Each structure stands twice: as C-alpha cells, then as structure tokens.
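The same chain A turns up in both complexes below, where it pairs with chain B and then with chain C.
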Partner chain A sequence: MRPLPAGWAKALRLALLFGALLGLYALAVARHEERAQIREQAVVLTPSCADKLDRYGLAAGPDYVSTYMLARGWHPDPRRGYSEQDVRAIQRGCNIIDDLQGQLATDPGRERWNSTRFVRGTHTSCDHCHQGIGDKQTAAGVPQTGSLSLGASWVMADMYDQFTGILLPFELRQMQCYINSSNGYKPNVADDLIRDVTAYSRFLAAALDLRFGNRYAEQGIDEVTASSTLKRGDDYVRGAALFKEKCARCHGPQGLGTVVEGKVVYPALAGPNSFNHQSRNNFSFVSTILPGFICRNMPLGEEGTLSNQDCRDIGFYVSNLPRPAGDKEGPLAALWNQLMMRVMPPMIHAVETWRHADTSGESGA
Partner chain B sequence: MDRAPDAALAKVRERRRAARRARLVVVLRGTLGAAAVIGFAVWAHLGSGQPVFSPHGKPEAGWEAFHAAYDVDTFGRDGYFVRAIQSGYNLIHHTYRYAWRFTRKGALDRPNACIDCHSETDLAYAFASGDRYDAALGRRISFEEHVMRCYATHLDGFVPTIYDPAVRDIRIFARMVAHHLQLGEGAREAPQ
Partner chain C sequence: MIARLSSWASLGGRSLGSELLIGLTLAVVVLPQAIAFSTTLAGLPSYFGIYCAIWGVLSSALLNPSRVFHGGPNSTQSAVVGVTLLPVAPQFGPDYIGCALTLFLLAGLIQLLFLAIRPLGRMLDFVSEPVANGMICGIGVYMILKSFPTFAGLPVNTQVEWRLWIAWQSFLSVLEIGNMHAIHIGLITLVVTIVARQFHALRNWGILLGILAGTLYSQYLNAHFGLGETLVEQTANISPAGFVYPSLPLFAQEAMPDIISIIPGAVTLALLGLFQTVAAMRMMNRKSGQFVDARHGIFADAVSNCVLPFISALPTCASFNRMSLMQAMNTGSRVAAASSALFLLALVSFFGEYIAIIPVPAMAAIIMVVGANMIDWSDIRAHFEHRPEAIVFSASFLSVHIFGLFGAVICGSLLALAYAKWEKAHPNVDLEGNVLRIRGNIYYGSLPVIESLYHRANNDPRFEELVVDFSAVHHIDPEGIRWLAEVGKNGKVRMADRRSGQDRRGDRRGRVGGPTRKDRRKRQAL
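Let's look at the complex of A and B:
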C-alpha cells in the first residue's frame, strides 16, 4: 500500500480532530434538547407527592392561595401564582425528594434528572432524613418540631454556617447533601436537579405561609446534646445492645439496610450505601444531630420512646460502624475505610454465626 | 618563630568576623523582610482605609440611617451576615464603584446603580417571587440570574458568576429587606 502524501496525512488528522469536536458538540446539543423536552413533559407524581401537592392546592394560575392554610382557618393574601413550567418544576422537585434513586419511576434517568450520577450508593434518598417529603407533620397536621423542614430551611438560607464557615446558600447546602449524606458528587448550581428541589422548597414555604428570615421550630434537628443527658458519657457497648434490640430488625444486624426485590425498604446506616464520615449525620463529626434524629423519628411507629441517653449511645455505636471516608479525609483514609467496609461485615457475620452455633450447642447439651 | 602562629590566629579571627558579618546580614535581611510584611499587614488593616483590605464594609452615606431603620443588627445575629448586607447596600447604591468590574458605567452616567431603577422594597419583592417562569425568555429564571442580566444589559457591562459577592450580597440584601417587611414566598406588592 502506498503511503499518503505528507499533506494528506496532516489534513486527515485535522479532519479527525474536527470530526471528534463536532461529535461532542452534537452530543451536547442532543442532551440539551433532551433536557428541554423533559422540562416540557407532564410529571408522573409519586403517591406521596400527589397527596401532598393536592393537599396544598398546587395548580397553575395567576394567584396561589394555600388550601392548607384555608383548611386551618387562616386566610392568607393571594400569592403570585405559578405557570405550567413552575408547577412541573415543583412536581419534579417533590419527586426527587421522595424518590431520589427513581425506584418508583418508569424511566428513572429522565424522570429524576439522572440523579444517580451524583450518588455513589444505591440506598440514599432525601426523604430518609427530610421525612414527610421535607415537610413532616404531626397527626394534627402541624409541622413537626426539628423535622428538617425544607420550607423552613429555605426561608432561613444564606445564614452563616458554622460547619463550613461561609454564608451558605440553599443550593450549596443541597450540594453538601449530595457529597456527604449521599456520599457522592456535587451537581452544578444551575442543574435542574438542584433548581427543582429549590422550587419545591419555595412552594412549601408558600403553602405553609413561612416568612423570610424567621426561625421556625421545624427547621433543622432538635439536637440532643451531652448536657441534655445525665452526662454519663456516650456508651458504645450500650449503644450496640440498644441497636440490636431497637434498630437491627429494620436496618439489619450490621446496619447494611434492607432491600426487597431491588427496592430499598430501610436504608443502610453503614457500609458503601450509607452516609460518609463528613456527613452531619456522623456522630464523630457532629455529635448532636444523629441522636436528635433518632429521638424524634425512630424506631418507626414507636417514635419518642427512646431517652436522650439511648439516642446518643445508638448514634455513637452507629457512627463507629464502617462507612465511606469523607471528601476531606484523603486517599489513605478512603482506602482504609474501603477495606473495613469489605472485611468487617463478613468477619462479624462469621463470628456471630460461630457464637450462635456455640450457644445453641451449649444449650442443647 | 612567633609570627607564624600569630598570622594563623589572625586568619582564624578574620574568618570568624566574616562569618559573624554574614550571619548578621542574613538575620538582618530576614528581620527586615518580616518587618516589611508585618508593617504592610498592619498598615493595610489599620491605617490604609482601603475597603479591599478590610472585612468591614465602608460606611457609605445613608448606611447608618438604613441600618437603624431596617434593624439590620437583629437579623442573622452574626457579623458575617451583617457585613454581607452592608456590602449589598454599597453595591446597590454605588454599583459603578463597588462592582466596577461588571459595569462600564461611570460616576457621570445614569443609571449607574441598581437604586436608580429599583428601590430596596422592589428588590425584596423580586426576591420573594424569584425562580419563576419568564415568558419573554421562555424559561425559569432565578433572582440571581436577573441580577446577572442587569449587569450585562442595564449597566452595560459583564456577567458575574453566580457565586460572586456582586450577586450574592445583593441577594442577601434583598432577603434582609424581605425579612424586615415580613414577606412570604410569592408576596405581591400592594397597589399604590
């Protein structure tokens, strides 16, 4: 075969380069178009979202009046209404909070903006921490104290955050959730995934008639500090016993969660699918938040039955189970934690099985 | 016979003197360098009066009155937030000076500041109704994006990033005014 003349080879290389760039451009345009189509298509709501948004009277129109407030006997001034596009953004935001991994969606990639790109595990969903789709209420229909309400969080956004040392906007706080609580990666601030959740949170603030800059009881967690206990110290062994008794039936003996037919029924508290070391849920990072969450929300159906000391002990134990390293811990810590997450569960399982067999043998004898 | 040891001793003494001088030069140079850095830092923070060197915003005309009228200290309860509000105040009232990187307008141009078109209250209401669909642009627009567009169009300048204090502090300022007026999400201005 005759070699190509020198000029031709150069032209071919240039053509290949331009072709590749053109291909990338065409791909970007196609993705952009796809996103624009998704924004226009009707949203299939999860059952919980359908119920909540219906109760709050979300509909397109020139004015918005909260049916929730009307039902409670208040008559707030009509607010600026929502367009069809705004309504769809709010609906998508609600779906994302309720079902981040798209387990209830027929086409998870399109319906949840490919949210799994930003999450490493397969368990986490916003609703695990922000219960009641970010708006947990008591049986009387009142927002519950310390329930991580997204609406209350929105009206208090932009404040100084002691953990990051900056004035933390709502969007950046969401990014932190993806990085740490979901042990993943941060979406861009202008990503639809972030913007739709902001739209939903703003709608909650409108529906509940929350005012900018006011502190509401449902914002954040009602933290359980050491000073709210008898100050005996946080007890790992007692925490392990309590975990076995109160938590293991749902979250599994090692906190690895429960998955039935590919659907997460109870999320992992340890292992690769759980929050990481830099999450505020991690007791060793912030010692008051996880106990507060446990006391307020756990065990399911028996909320409020645990004492402050119980919650701190369980939180201490849970945070010592193997979990992914935080984003600021460096590669060696990450490697060590990966090793622990792989080695510890089968080892503990083997020891537990052996001990169980041993105990059965003794009692049999 | 005695001359040789004397000469050797003199050489040793000379070497020691030279070493002492060299050491002194090194120490002096280091001390002078450190003193220059410390002197600059002290001058920058305490004596220069340049806003760029100070974490505290420059109190512009009208700030004290605004500060008192809007109870700025009672909101946020921390220095960071109040400083951001002051920065927002300066940006809104003197945009051409505090956001000079993002506008071509000068002191003699009109409009050359946000306040020439929008009152503080307007900004608060715009913030309360942010993140809505804009029919003219055919998409949902956030408050920050409106601010960015203002820099590029009405202020004949350039688009800051969404993280820039020139955008962030205006949002925080608008949030503070919205709090002062006790606005809720989507609040509408009463007809005049």
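Let's look at the complex of A and C:
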C-alpha cells in the first residue's frame, strides 16, 4: 500500500483528533443529561431510611419543624423548608449512608451514584461506623455519646482537624472516609455522592435541632486514651482472647466479616474488605479512635459493657491483623500487604485447625 | 570574557524578534504552571511559583551555557514538597512556609555536594536515553491526565496512589459532573491552539492565540450569564506581590525535630532536580547539536537553589515540557530563556489585572498541549527497534505512572544497568575445531559461561591440543587473570593472542611481501 502524501496524513490526523474531541464532548453532554435525569427521578428509600425520614417529618414545604423534637415535647423555631429537589437529595444521601454498596437497590449504579467505584472492598458502608444511619440513639431515643453523628459533625463543619492540623471542610472529611476507612479512592469534591451526603447531614442537624458551631457529645468518637486506663500497657494476647470471646461470633475468627447470601451482615475488620493502614480506625496510626468506637458502640446490643483497657487491647489486636496499605505508603507496601492478606488467613486457619485437633486428641486420651 | 559575552549574545542564526517571541510564549506557558504547581501541589502561595519562574529561570539562563535550557518550577519537585511537608505543619501556614524554605535550602546544599564531589555527579549519568525519553513521555501523558479536572472546572484530585486509576476517575468526573461552561472554554482554547499551530506563520503564536480566544469567550460568558452563574475559576491577581519577597529559612531550635524529619525529603528533592536537569541536557545536546557538559547544569541548579529560598521561590530544575517547546520553536540562544523571565516579571508587574481574568480551564488546555508536545513518536519508534531499549523505555514510561518520577529514574536506570551487565556477562564464546574463541569481557560475571564451554572442550577426547584465543577480549578483571593462570597450567592448552604483533616486530622483512609461513608459525606458537 502506498503511504499517504504528508499533507493528507496531517489532515487525517487532525480530523481524527477533532473527531475524538467531538465524540468526547457528545459523551459528556449525554452523561450530564443522564445525571440530571437521576436527580429528577423519585427516590426509592431503604427501609431504615424510610422509617427515619418519616420519623423526622421530611417533606417539601416553605417551613420545616422537626417532628422528632415535637415528639420529645420541645418546640423549636421553624427552619427554612425544603424544595422537592432538596428532599430528593436528602433521601439519596440517607440511602448512601445506609447502603453504600447498593445491596438494597435494584440499579446500584444509578441509585447510589456509582459509589462502589470509590470503594475497593465489597463490605464497607458508611453505616458501619456512622451507625443508626449517621444518627445512633439510645433506647431512650437520645443521641448516643461518641457515635460519629453526621448531624453533629455537620454543625462543626470546616474545623481544624486535630490530627493533621488542616482546616478541613465537611466535604474533604468525607473524602478521607472514602480513601482510608473504605480503602478506596477520592470522589471529586463536586460529585453528587458528596453533595447528597452533605445535604442529609444538614437535615439531621435541623431535625435534631443542633446549632452551628456547637460541640455535641455525639459528635466524633469518645476517645479512649491510655491515660484513661490503669496504664498497664496495651496487651495483644489479652486483646486476642477478648476478640475471640466478644467479637469473633459476628466478625468471624479472623475478622474477615460475615456474608450471607451475598449480603454483608457484619463487616470485615481485617483483610481486603476492611479499612486500611492509614484509616484512623487503625490503632497503630491513631491509638484512641478504635478503642473509643468499641467502648461506645460494641458489641451490638451490649454497648458499654467493655472496660477502657479491654477496648484498647481489642483495638491493638484488631489493628495488627493483615489489612490493605494506606494511600501514601506506596505500591511496594501495598503489594506486601496484599500478599499478607492472601497468605496469612489460610495459614492461621490451618494452624488453628491443627492445634484444635491436637488438643481435642489430647483431651480424648 | 569577550568571547563569553559574544557567545551569550549570539542568536544562533535566529532573529532577536523570534527569540523574544519564544520568550513571551514561554512566559505565558510557565505562568499557569507556576501558579498551579505552587498552590495545588506544593501547598505554598502562588508567588513561590512565580518567583521561581522569574528568578530561577533567569539565574539558570545566566549560569548555564546551554541554548535550549529552561529552569523554573517543576511539577514533580512541587509534589515532593507537598508530600514531605504534609505531616510537618498545616499547608499555607507560616510554619509550613518556614519549613519549606529550609527544605529548599537543604536540597540546594545537597546539590552543591554533587557538584563538589565528582563521582557523585558522575552517578547522574546512568540515566540513559531510553530512560529519559520514557520519563518524558510518561510526564507528558501524566500532565494531560492531571489537567482533566481543571479543564472541566473541577478541583484537582491530590490522592497519590494508583495515578492511572485516579486519572480514569478524573476523566469520568469530567464527563459526568464537569462544568459545561468550563469545558467550552477549554475546548475553544484547545481547538484554536491546535489550528493555529498548523500554519507555519502562526505556529509560535498558537498558545498565545489559544489563551486569548479562551479568555475572550470566558469574558463573553461572564458578561452574558454573570460569574455567579458560570462559576469558572480565574487566575488570581498577583501584581501586588512585587519584584522580590525576601524570606529566611527556618532554623529555630524548637523546629529541629521537624527539620531532621524532612532531610530524606530534601535528598529526594535534590536528586530529582539533578536527574531531570542532567537527563534534559543530554537529550537537548543531541537534538540541538550543541554540546554542553551536564556539570554546568548541576552548577546552575545548585547555586540557584541555594539562593532562591531567600527570595520565597520554589526550587528550580530543567523543565522537559518547556525545553521541548523551545526545541520545537527552534531556539537559537539563551536570550529566549532570559527574556521569558523578564517578560513574566513585566506581565506580573504591569498586567496582573489582565492575567487575573485568564480562566483556569484555558490554562489547563495549554498544559495539555504542552504535555502532548513532549511525546515524540520518532524517538519512541527508534527505541522500539531494539528490544532491550524498548523494555527500558516502557519500564520507565510505566514507572512514572506507578512509582512516580523518582521511581521511574531508579527503575529505568537499574534496568539499563542490568541490560549492560547482562550483555557483558554473555560474551560471544564459540568452539571452532580445537580453537576456543572468546570475544567480549573475561570477568567474574562472564566466567561461568566461558568456563562451561572450556571444560567441555577440554574433556573432549578428539582434541589433543586446545587453543584458547582471546584476541578479541577487551577487559580482564583480576578473577579472569587468575582463571587464565590456572588454564595456563594445563599442558593441553595453548593461549593465542593475535593482537600482540610480536612476530611482525621480530621480523620486519616479512612485512613487505605480506605474511609469510614463518610469521604464521610464530603466531600459532603464541
């Protein structure tokens, strides 16, 4: 085949380039329209969200008065109401917190803004840490201390982060959740995924009558520092024993979570589906967060039964289980941790099975 | 002195006007990079990048005799600053700035060490051409991918892990949630620049015309819809910054733990700068035909980087993208680089208000063009004609996206060294009859290959005598000599080295009529 003359080849290259640009532009226009369409369509709520938003009286209108506060005998001042569009954003935000992986959705990609694209494992959902769909309450119906309440966190938005010292807007704080706690990737700050969760968090603050700039007990974690214990030091072996006794029945003997019929019942605390090394849940990164979470929120239904030292020991043990490397640790550390996550659980399982057989044999004799 | 001045003023056959036009284009190209690198990557105010693009470029133009050299702010160096200082102090704060200045000064001093200790500087030469080209293409692609969010009016993703995956996410977010006004501005800039570059007369004006078209369209949108509706970010007004902003690195007693913790970052910063400068100078030496010793580049970088921390500027090093642009625009002298610094100073000082209205998406489009400019198909094709070179090129290209630039340099250089060692370790050894011919090197790495064939031949009962011919050996290490001594003790073996020519020196008459039978006999006896 004879090659094209230089002028023609150049024209062909240019035509291809402009054709590609035009094609991408057409694709962008189509994707924008699809997104606008999703924004307009009615939201199918998860059962928990339907219950919560109904209890809090979310509806479009000129004013909003929290039915939750009214039910508790308080009469807060009416706040500016929500438009239809606002209501849909809040509903979508609630769905994302309750079911990030879209296990309860018929079309997860459309109903959850493709959120699984930003999460690496198949377990993590916001609700695992931000329990009660970001608004955990005690049996008496009051917000629980140290329960990572999203409403209380929203009213402290744009605060200096105590660990990094950076002025951290609410949206950027959510990104850290995606990168570390979900061991995933950073959505764009302008992504609807972030905006809808922000809308939901704002609504929770209004529903619970939380005031901007205030610090509430349910915000963040009620941290368990070493000084709040008898300072015996954190004990890995004791942590392992406590884990077996208190946690393993739900999270599995190696903390790999419990999945029934493809649905996550209890999330992984170790392995590829768990939080990564640079998550604040990692004891060796920040030693007060995970014990604080355990003490206030675990075991489910028996909250507050563990001592501070117990929580620290369990946190210490859990954080030493194999898990993914953090974002800034580099590809070699990531590779090594992947290897550990694949190799260690079967090895430990084999050793424990062997030991079990050995001890049962001895006792039989 | 006069010769130096005349060499400086020599325009290499180019007119002063065209050199100044290249300078103006470089000033316009470096401006968005300077602002973007300092604010989004290094976490420092934008004047750090601007001062580096003025004083850093000017000092390297004065100290480095290379015609095609442009210093100034660098994306990877800026990223290293951000990553190193993130755990030390909050970005943009006074502590952060103080530590950043200390980090730059430490890097400058380390670069001086590389200048003073010659073998250290020589180590930088192990960046071979395929490594450098792989890096350049990798950075070009990286710059295009990194510009996607700003092209669509979105914030940049600063996550550092899995760059290609993050680039793919950024691309999807452009399609899904990008600001359509920003995309229009970016596309207009891109199309005008590409079209203008097709015409010979407008080729060097392409980038300026693109920026102009993008800015005019952005102004039209703002007048028509209002800035509150379009939400397109514009460049900040930087004219109040002034000519220089004197500063002092932080060396307080209480900051010592922080300073010690940033020393590894300073080493990385220094090495990254020098690697890029040396690699870029080697590449440009070949392309421009002018030879300049890379030590001039090390000298210019080291001296500049020891001074720049005192005037609030980012560290300087060679810029592959701007140097590619200079080469494409056929730069004839250092006037272009020096004038770009002065143009930028003038732009910042007198036209700050006009620069302020340049939309960020237009700047992102220009960065994309500059990135595409760095990918030279003719270079890539040449590397793919030789398999080991293709592997080294591909490895350093991919490493930019997997391990970062520093990782790419290390990975590519190790591969290139490994290839050279592999070649040396496999000398061309063959057995012709009872003659064992060795071509290449006899050293510890190649001995196992040579020995295996030698032992086979030695044990072969057909040969009563074995001739080891090492005429084409060009290096023998001590281990090789010891092995040869051992071989010499074997009565069956005779050594032959046809290079010595002792037979000819011994019998001059024989040379007149060509080699005689006596000569041949002597040679065989050797």
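Quick note on the criterion: the second predicted complex is superposed on the first by the 355 of 365 C-alpha atoms of A that agree within 3 Å, B and C clash if a C-alpha of one lies under 4 Å from a C-alpha of the other, contacts with A are read in each partner's own complex, and residues count from 1 in each chain.
Just so we're on the same page, a residue touches a chain if its C-beta (ideal position, glycine included) is under 8 Å from a C-beta of that chain, and two chains touch if they have at least 3 such contacts.
This one's a predicted model, so the numbers in the text were calculated from it and none came from an experiment.
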Which superposed partner A:A28 touches (first chain B, second chain C, both, neither): second
Which of chain B and chain C A:E302 touches, first, second, both or neither: neither
Contacts of A:M159 with chain B and chain C, given as first, second, both or neither: first
Chain B versus chain C as contact partner of A:V189, first or second or both or neither: both
First, second, both or neither for A:E261, with chain B first and chain C second: neither
Touching partner for A:A206 - first (chain B), second (chain C), both, neither: first
Chain B versus chain C as contact partner of A:P169, first or second or both or neither: first
Contact residues of chain A, present in both the chain B and the chain C interface: 160, 167, 189-190
Of all residues in chain C, those that touch chain A in their complex: 83, 86-87, 89-91, 149, 154-155, 157-162, 165-166, 169-170, 172-178, 180, 183, 187, 190-191, 194, 198, 402-403
Touch list for chain A against partner chain B, complex: 64, 76-86, 89, 154-155, 157-160, 167, 169, 189-190, 195, 198-199, 202-203, 205-206, 209-214
Residue numbers on chain B that touch chain A, as the complex places them: 75-76, 78, 80-81, 84, 127-129, 131-133, 135, 139-140, 142, 162-163, 168, 171-172, 175-176, 178-179, 182-188
Contact set on chain A toward chain C in their complex: 10, 14, 17-18, 21, 24-25, 27-29, 31-32, 35, 117-118, 160, 164-167, 179, 185-192, 327-328, 330-331, 334
